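Both of the next two complexes hold chain A, though its partner changes from chain B to chain C.
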Partner chain A sequence: MSTIEAPRSPLKPARRRRGINVEKWGWIYMRASGVVLVVLIFGHLFVNLVAGAGVKAIDFAFVAGKLADPFWVVWDTLLLWLALLHGANGMRTIVNDYANNRMVRRLMLGAIALSTIALITLGTLVIYTFDPCPAGSPANLLPSFCPVR
Partner chain B sequence: MIIRKEGSLLPQNPPDTLASKPLSTPKISFPRRPAGTLYRGREGMWSWVMHRITGVAIYFFLLVHILDTSLVRLSPESYNAVISSYKTPIMGLGEIALVAAIGLHALNGLRIILIDFWSVGTKHQRLMFYIVIGLWIVLLAGFVPRQLMHIFGGAA
Partner chain C sequence: MSNAVMENSPAVPAEIATFTATLILRRFDPDKDAEPYWQDFDVVMQGTDRVLDALHKIKWEQDGSLSFRRSCAHGVCGSDAMRINGKNRLACKTLIKDLDISKPIYIEAIKGLPLEKDLIVNMDPFLESFKAVNPFLMAGSVPKDGKERKQSPIERARYDDTTKCILCAACTSSCPVFWTDGQYFGPAAIVNAHRFIFDSRDEGSQVRLDILNDKEGVWRCRTTFNCTDACPRGIEVTKAIAEVKQAILRGKS
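Right after this comes the complex of A and B.
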């Protein structure tokens, strides 16, 4: 007895995908990071643009004062990683939607990946190797807690 | 119409054609545009369009913003020199555009999450769009006057 193939069988059986579903986790990441970013970014905007003298108060001493506090170190690290990965994944979606040339698409996705890795590395190094009182800098540019040299 | 044929009564035409024919073929009107759906033509589409535009704009600002903030690692002088360009009137207005873009993207993003996860989210997506616009106007009503005071108010 011979078996007859079921109608509408694909020429090749659908390959069972193993491992993690990247698109699914990307979709979940956009929503999970989005909720956290709403809090982080509105907090960031309030402290830097609204409170006190707003944007005119921002200078090296202001940033150094913030980054001397572990609270803002954690805040800014989360902001850097979550926002840049959220933005890069969004750009990846847009490139996949509109780049209909295979080569252009791969180049753009590569550029997004490279810039994301470079900026996350740079930003993380800046936050964790930062010295709020760099030697040899004029005291009037430094935060008030720096020792007088 | 019934005719006598070989002694029996037979209908000449099938029964559905016995009724009088319509005088003219009824016209079927096609809509000139495809009907609106969740993602086409109306609030759903425009919120999607705005989400993309604001998202790309915020992304490119973020790239620049990471680079300019990284100057704190170089020297206080270089950071202060670059950050002073953010304090000019033109950039002050640019910050209003930035906050407007972030506010719309954030509020509409929360709307998307509710559409995806809330059991009646899709049903209320249009109402939620107008709630997003309302909250966005409230947000800007709070931020814009404050920012204009900061950039044009004189006192630092």
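Right after this comes the complex of A and C.
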């Protein structure tokens, strides 16, 4: 007598655990960050693409100008962190739902964590250390708005 | 008073219209087959016939080895939930004429539970997660007048929707999260927890909320709404799950 492999075995009773509940806070984070991201993303798109001269205004000087303003530094930092963590958490739940193999799941979760950390680090570094006119660069590589030294 | 007089001669019932429906069933006999396979049957049906009548006709007239569960055959016992054209339905509540009979009707066992034979699955994992939420009245105190635990109609209406559950497993076996690693409670267990969590007479709601606040508790719900679509009793399952989530976050209301 052959039986089809039980998809739900082995059965485990519900465990009570102490400490913070990652799944619960992940769920709350998705909703809270989602609401904030709607404002941040549409604000970002409006300022970049619609307001003023519209999409034609975007060039190196436009980005440099935005990153010189503390308001946009804070805006972009929030956008970067919230969006990346929101996306990474979404990918984590998809992997948890669909990757049945333990090894595959661990690998994919590790890859998501690594890429998220790398992107957040790089992005934050750019936002806070960006200098459109680095000292000591040859003049022909600098944008036109830099003061002549 | 005059005697009743028959004004018209009794109408001879017209020939009842029939049609031929093709059913493709997913068969599996653990004694013979290594893998499940699809087998098709043609049955002559009437407009009043349900999928369950078609299965009966096949079992009684064509192939007696066909196995499926059914008890009351009127949508109350919840034995004959099955996947009909890819949707979980009760065979006894689905009229053949409401399906697209120009195409074959595909019928298979509900998904996510171990297949035992033909349309029969092992319901143990489903019932285990039902049991895990303590689906019974937990009351430690003695009722006020020593006899009854009274409840107002408003208090009763609070959880009325979730009292309708017949444990047919149509919702739980339609849930894509339940299909994955089998650790999720499934909609039916949460619905039955909801029925007691929001019962004013019950004192164990915090115990149930703690159980459902587990890693694999209500937070695995992705609001796919498959369960609400599948429920043969019309329970708003996804709404009930959302209310349990709110109760865990903000306390019972």
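Heads up, the rule we're going with is that the second predicted complex is superposed on the first by the 116 of 149 C-alpha atoms of A that agree within 3 Å, B and C clash if a C-alpha of one lies under 4 Å from a C-alpha of the other, contacts with A are read in each partner's own complex, and residues count from 1 in each chain.
Keep in mind that, in the parts below, a contact is a pair of C-beta atoms (placed from the backbone, for glycine too) under 8 Å apart; a residue touches a chain by one contact, two chains touch by 3 or more.
Computed from a predicted structure; not experimentally measured.
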Check your understanding: Is A:28 in contact with chain B, with chain C, with both, or with neither (first, second, both, neither)?
Key -> second
Practice item. Classify the contacts of A:126 with the two partner chains as first (chain B alone), second (chain C alone), both, or neither. Key: first
**Study point:** Which of chain B and chain C A:100 touches, first, second, both or neither
**Key:** second
Revision key, fill the gap. Across chain A, the partner (chain B or chain C) reaching more residues is B
**Study point:** Touched partner set for A:41, first chain B, second chain C, both or neither
**Key:** first
Revision key, fill the gap. Residue set of chain A touching chain C in the complex reads 1-9, 11-17, 21-24, 26-28, 93, 96-98, 100
Check your understanding: In the complex formed with chain A, which residues of chain C make contact?
Key -> 28, 30-31, 33-34, 36, 112-116, 122, 124-125, 128, 132, 176-177, 179-183, 185, 210-211, 213-217, 219-220, 222, 245, 248-249
Point to revise | Complex interface listing, chain A residues touching chain B | key: 31, 34-35, 37-38, 41-42, 45, 49-50, 53-61, 63-64, 67, 80, 83-84, 87-88, 90-91, 94, 115, 119, 122-123, 125-126, 129-130, 134, 137-138, 141-142
Review point. Which residues of chain B touch chain A in their complex?
Key: 52, 55-56, 58-59, 62-63, 66-67, 69-70, 72-73, 75-77, 79-80, 83, 86-87, 92, 95, 99, 102, 106, 109-110, 112-113, 116-117, 143, 146-147, 150-151, 155-156
